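Letters are used for the chains, namely A, B, C and D, taken in the order the chains are written, and counting of residues starts over at 1 for each.
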Amino acid sequence: MSNKIRLGILGGGGDSLIGVLHRVAANMFDKYQIIGGCFNPDPKQNKDFADQIGVNASRVYDTFEIMISEEMNLPENQRIQAVSVLTPNFLHYPMAKKLLENGFHVICEKPLTTSHEEALDLQKIQKEKGTSFAVTYTYTGYPIIRQMKDMIKNGVIGNIQKVDMQYYQGWINPIIHDKSQRNSVWRLDPKKAGISSCIGDIGTHAYHMLEYLTDMKVDKVLSDLNHLYSDNELDIDGTVLIRFSDYSKGVIRASQIATGEENNLTVAIYGDKGGFRWEQENPNYLYYLTNDKPLQVLKPGNPYLSEFSLQDTKLPAGHPEGIFDSMGNIYNGVAREINGEDNFKGSYPTLDEGVRGMKFIEKVVESNAKGNIWLSL
Amino acid sequence: MSNKIRLGILGGGGDSLIGVLHRVAANMFDKYQIIGGCFNPDPKQNKDFADQIGVNASRVYDTFEIMISEEMNLPENQRIQAVSVLTPNFLHYPMAKKLLENGFHVICEKPLTTSHEEALDLQKIQKEKGTSFAVTYTYTGYPIIRQMKDMIKNGVIGNIQKVDMQYYQGWINPIIHDKSQRNSVWRLDPKKAGISSCIGDIGTHAYHMLEYLTDMKVDKVLSDLNHLYSDNELDIDGTVLIRFSDYSKGVIRASQIATGEENNLTVAIYGDKGGFRWEQENPNYLYYLTNDKPLQVLKPGNPYLSEFSLQDTKLPAGHPEGIFDSMGNIYNGVAREINGEDNFKGSYPTLDEGVRGMKFIEKVVESNAKGNIWLSL
Amino acid sequence: MSNKIRLGILGGGGDSLIGVLHRVAANMFDKYQIIGGCFNPDPKQNKDFADQIGVNASRVYDTFEIMISEEMNLPENQRIQAVSVLTPNFLHYPMAKKLLENGFHVICEKPLTTSHEEALDLQKIQKEKGTSFAVTYTYTGYPIIRQMKDMIKNGVIGNIQKVDMQYYQGWINPIIHDKSQRNSVWRLDPKKAGISSCIGDIGTHAYHMLEYLTDMKVDKVLSDLNHLYSDNELDIDGTVLIRFSDYSKGVIRASQIATGEENNLTVAIYGDKGGFRWEQENPNYLYYLTNDKPLQVLKPGNPYLSEFSLQDTKLPAGHPEGIFDSMGNIYNGVAREINGEDNFKGSYPTLDEGVRGMKFIEKVVESNAKGNIWLSL
Amino acid sequence: MSNKIRLGILGGGGDSLIGVLHRVAANMFDKYQIIGGCFNPDPKQNKDFADQIGVNASRVYDTFEIMISEEMNLPENQRIQAVSVLTPNFLHYPMAKKLLENGFHVICEKPLTTSHEEALDLQKIQKEKGTSFAVTYTYTGYPIIRQMKDMIKNGVIGNIQKVDMQYYQGWINPIIHDKSQRNSVWRLDPKKAGISSCIGDIGTHAYHMLEYLTDMKVDKVLSDLNHLYSDNELDIDGTVLIRFSDYSKGVIRASQIATGEENNLTVAIYGDKGGFRWEQENPNYLYYLTNDKPLQVLKPGNPYLSEFSLQDTKLPAGHPEGIFDSMGNIYNGVAREINGEDNFKGSYPTLDEGVRGMKFIEKVVESNAKGNIWLSL
């Protein structure tokens, strides 16, 4: 029997894009074996899909509750060790909770839960159980992002004085400008999508990336959100002023109505000694600026990079890494931890980071609702 | 005698960078002849410089007051017609005022004045006198900026729903982090520099460009400025939330502490049908985005551009235009007006636009001082 | 039992980069199951590696000959169906030959063989057996490359009049300039590396890409190669003039001494109606040029793309695809053929294309050796 | 009287683009005064144009012969000192010859003459007379080109082992594919345009830039030109293999049928220690590559640049320089020499360089005509 980590999956069946992303990522470093799960609420489709991806019928379960109880009956060395949670958002919390309580490691899609309160509850249980728990802020896995994190930690750009994060998309345009559509899609229905559309879906990525890269905590936020139509209940655009302190400030900008933008997440972080710029759609270029030297462009796989950055690059420099590589590196980080290998701090986004993401969403929405006032985070 | 416009210049002598910029721009279309001025407060240097640039000694004056009175004594067909004001900021107002009162056309560097009040006064006099008055927001002269303005006016991107302007520089870093320097340079001395450093010097460019391009007026602002040190009295960084209306919003971001940035003015404007992106450091590329077609990249000098954009391009497509071309086009716009030629609206930034720029600076500083509140513009 | 294609692998064990690339690619669309192989000539390492990647010990073989004979003894519905050949170049021919003779589908790394003659032999056998045979010119799998191929086929750029392919690397610099190294590395030893270094390793990629994209055959070549030192027997740089006809010409440029270049494969193809540019290091951008319209930039995953291009994109536009995706798409193409699904012509590079690649290498080396003369291809 | 250099101009009247370019360039550094010339063969248009650009009627001449004889009658301190020759190509030789014989400095557009023989004749006269003579290979004036030249001279990239120059345009497409047009335009008429279209017009720019930057002489050329139609007598596309020596090689590529390209001149030069890349359409970015460090991007106006590069930059870093600046810097180089100021070698392209350019054109055409053979240069 292989000594790979035995992975279960909840959700991600059929044509699910997120399902492909996680399976490819899990397979990327030969460290996981997908051996069971509940991929689809429909029993027939569930079985068929399992067959299609090569999972043995004996480990395909009708519900996550059954999966957990059946797996707990197996000997520990056959039991699923880690579970990827890829279901609709509102299911993350009950699934993750039960998984944690039974000692499974969890890899959960974002947003972690539908409220900060639920997130705090998961955090409490994890602390008791000591399992690994990753929240897949996918973009943090790019090798050059890890290089940036390392260089900031090592003081290369000095004290951070100015930050500017952007996440612009335009996909909601055809929906938002059509009254019947905007009043019917689940994405804009507070009952299904929660308290926020833009900030919850993408603003939180930008926010997480900022704290991930800087290892600093945002102290306060003041937001101005845009709903575009009075009959639309959720934000689909927003700007958030942020402060680390009175003298270290910046902004997070997110939009789903930036017409023509695809997935334009950008980073700009400036310290007193240097600065960085990065764009997700062109993820293999890190722009490093200083006061008095030429701009430098760092690319993955080169010997001048840090060990953390190089660790996950599999091909020589000049072979572009994409979003699958980024997610693969996160899975590798979790695997290294589960396997007890040496592991870099930051090799995957933790539950604590996911909890903080939920708080960010709540505070941003609250600041806007209260008339654009400062709130502590 | 040539039928060029007789141009006088105040300031811009010696090694003045702004002086070179204006002279080259004035010469670019063979429409101006520099025939007099007061280039330097020192009489000897004034004469020497005039000689160096080929201005006849008889039209070199010790002060602007003398220049005006002497020129008024000349027959109208010999008299200086237009005057470029390139002196330190606090002199713009008295010079421009007297020039206007005597019927000269004025081309004035920005910021127009040191207060909104002074600016309003100039506006009043100009209305009475009917002379031309340009405020040299230099970046508006790029041919591709004029193309963007035309396309927005023609509805190509539809109703504007999201705007995002940036002006990032890093040059103040070596000064701001050195206590003795930051307490001594005139740039950070409120007595010499006025009420703002970053917003006054560059934020105002971004703001003007936004209204210039969209032909819309910002309704409200809420700002968060950064002074970086408690002993520094002026802002050197800031983010300004802006609203055209409750459903058309955006942000203006400006910084002098964005380490390593040179002169990074960017435009991003999104309507319900399309969007534009542009970067000043790479001014010959206009990125046009839509919901459902490939990104398009427009470049100067091509037949697919508007007449306003093409008018000022002098060489075939593929010959890069720079900042001198941009300023040259503004001078050309003023010349066309003075000469009574057909002229496009927007061919140069007007006094009214300069007045509004002063108001913007004052309101942004006030919003920050009052605790980041919304103020009407 | 899963209905995935049963895949065997020869080579690619241990830390092999190419091994990772093929395994990830095979797993990407859930269409292959790696069930056996001979990964390593050392029996112990072979077993250990198989265990590590989850291959059952019963299907791990000491040699490729044993693998073939044992697998042929298995019932057809259990037998390995397709085999990836990832061994050193000189083993491609004997392995592929025997695999073909026994009816296995083959996915073979490039260069196909060590001589054009061997390649022709494989071609003959395949014609008799009718199996699928892919040669992994990896870069052809990018979605946007497939879009370019489609648009050229559909006449979008008209008749091709000018082509320009580049493949520049700089990695051999530290080796070539060190006498002891250049006289010892296998890469520059004709006995081990064959008749060419630069043209054989990377020039052939550029050449293949050209014929792949245009569906045209190069008629003649004239080459000028550079060995850089008189004691170096193999080319490490070269320029190849090419002609499709007397009025349709171009150039293929390749180098391993383009200092600082990583993996800079570029395409420029111009027809009488339009042109294309593309860069491998930034593989998600296709630049489409015309005589009279703005440059267009096409990106993967957008509805304006062809079905062939869209087929293999798994995530929404704006999620960068990398080299793994490109190889994954080639594996998907082979799988579709094996499974009898609808398949686009060009979904993977065929044996015939690999044969032609071998001829190109031989003719280019011959042209140079004979004093830079034209040779028919 | 101003101590500016007294400049005369031959040609460049009316709407001439090249006329604007030279006038703006001459005015850029306040070092020239345009005081006379013959701008147009039509006497009335000549006078009108002179008036328009502010040239006194007394110094406007009906022919260049009259200009020279009349000016020679003036006292030396009033006489025109330098003359810009902007006429059609076939007039360059007789004009430049007579100007040289009478001791005028000359600034001549390229191509210098219509044959290498004429060029050699000018060279002989200049040697006797000792006047300054610039050939306006305009693109050499960009500040960042001068930086590249300096760094190569200082050994930063080591010994040059590989060069690759490109000059691609697409403008001739609508002409070449229309039989009546291609048989009638002067550009493709050997009697009017000389022996070459593409190589003569733009290939020569790429060739000159190469020798200008490297300070090396191309030893041999082998060319393959494309006429596209059998009834077209002149090349409109070509690739030229070049050798500095048996171990230092490269290629010059030029085209007027690269559909959609505007003015895409590029440089790639690789030494054993480093490399450079540059693109004319984006002239403010110099890409510096090494074996083992991140790519660096150098931009004009920064303190890390050489004195030669910084000398002509007039505004702070981040203010884009364009083609006018490039030509202005060449005029400045000539002026410094005439004025006896300290001057950098390479501050303008010399007559010797123009002579060599003529030889290049002749040899490239000859190589192609003789069946693509090597010819010494």
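Going forward, a contact is a pair of C-beta atoms (placed from the backbone, for glycine too) under 8 Å apart; a residue touches a chain by one contact, two chains touch by 3 or more.
Keep in mind that this is a model prediction, so the values were computed, not measured.
*Asks:* Taking touch as defined above, what minimum step count separates subunit A and subunit C?
*Replies:* Minimum step count, subunit A to subunit C: 1.
*Asks:* Among all chains, whose Cα centre is located farthest from the one for subunit C?
*Replies:* B
*Asks:* Looking only at C-beta pairs that count as contacts, which pair of chains has more of them, B-C or C-D?
*Replies:* C-D
*Asks:* At what distance in angstrom does the C-alpha mean of subunit C lie from that of subunit B?
*Replies:* Roughly 55 Å separates the two chain centres.
*Asks:* Between subunit C and subunit D, what's the gap in Å when you average each chain's C-alpha atoms?
*Replies:* 43
*Asks:* Can you list the subunit A residues in contact with two or more other chains?
*Replies:* Residues 261, 295, 299, 302.
*Asks:* Could you pull out which subunit A residues touch subunit D in their complex?
*Replies:* My answer: residues 288, 292-299, 302-304.
*Asks:* Quick one: which bits of subunit B touch subunit D in the complex? Just the residue numbers, please.
*Replies:* Counting only subunit B, the residues touching subunit D are 2-4, 17, 20-21, 23-24, 27-28, 30, 33, 51-54, 169, 171, 261-264, 280-284, 299, 301-302, 314-325, 328.
*Asks:* If you look only at subunit D, which of its residues touch subunit C in the complex?
*Replies:* Interface residues on the subunit D side: 157, 161-162, 164, 166, 168, 170, 173-174, 177, 222, 224, 226-229, 237, 239, 241, 243, 247, 249-251, 253, 255, 257-261, 268, 270-275, 289-291, 295, 372, 374.
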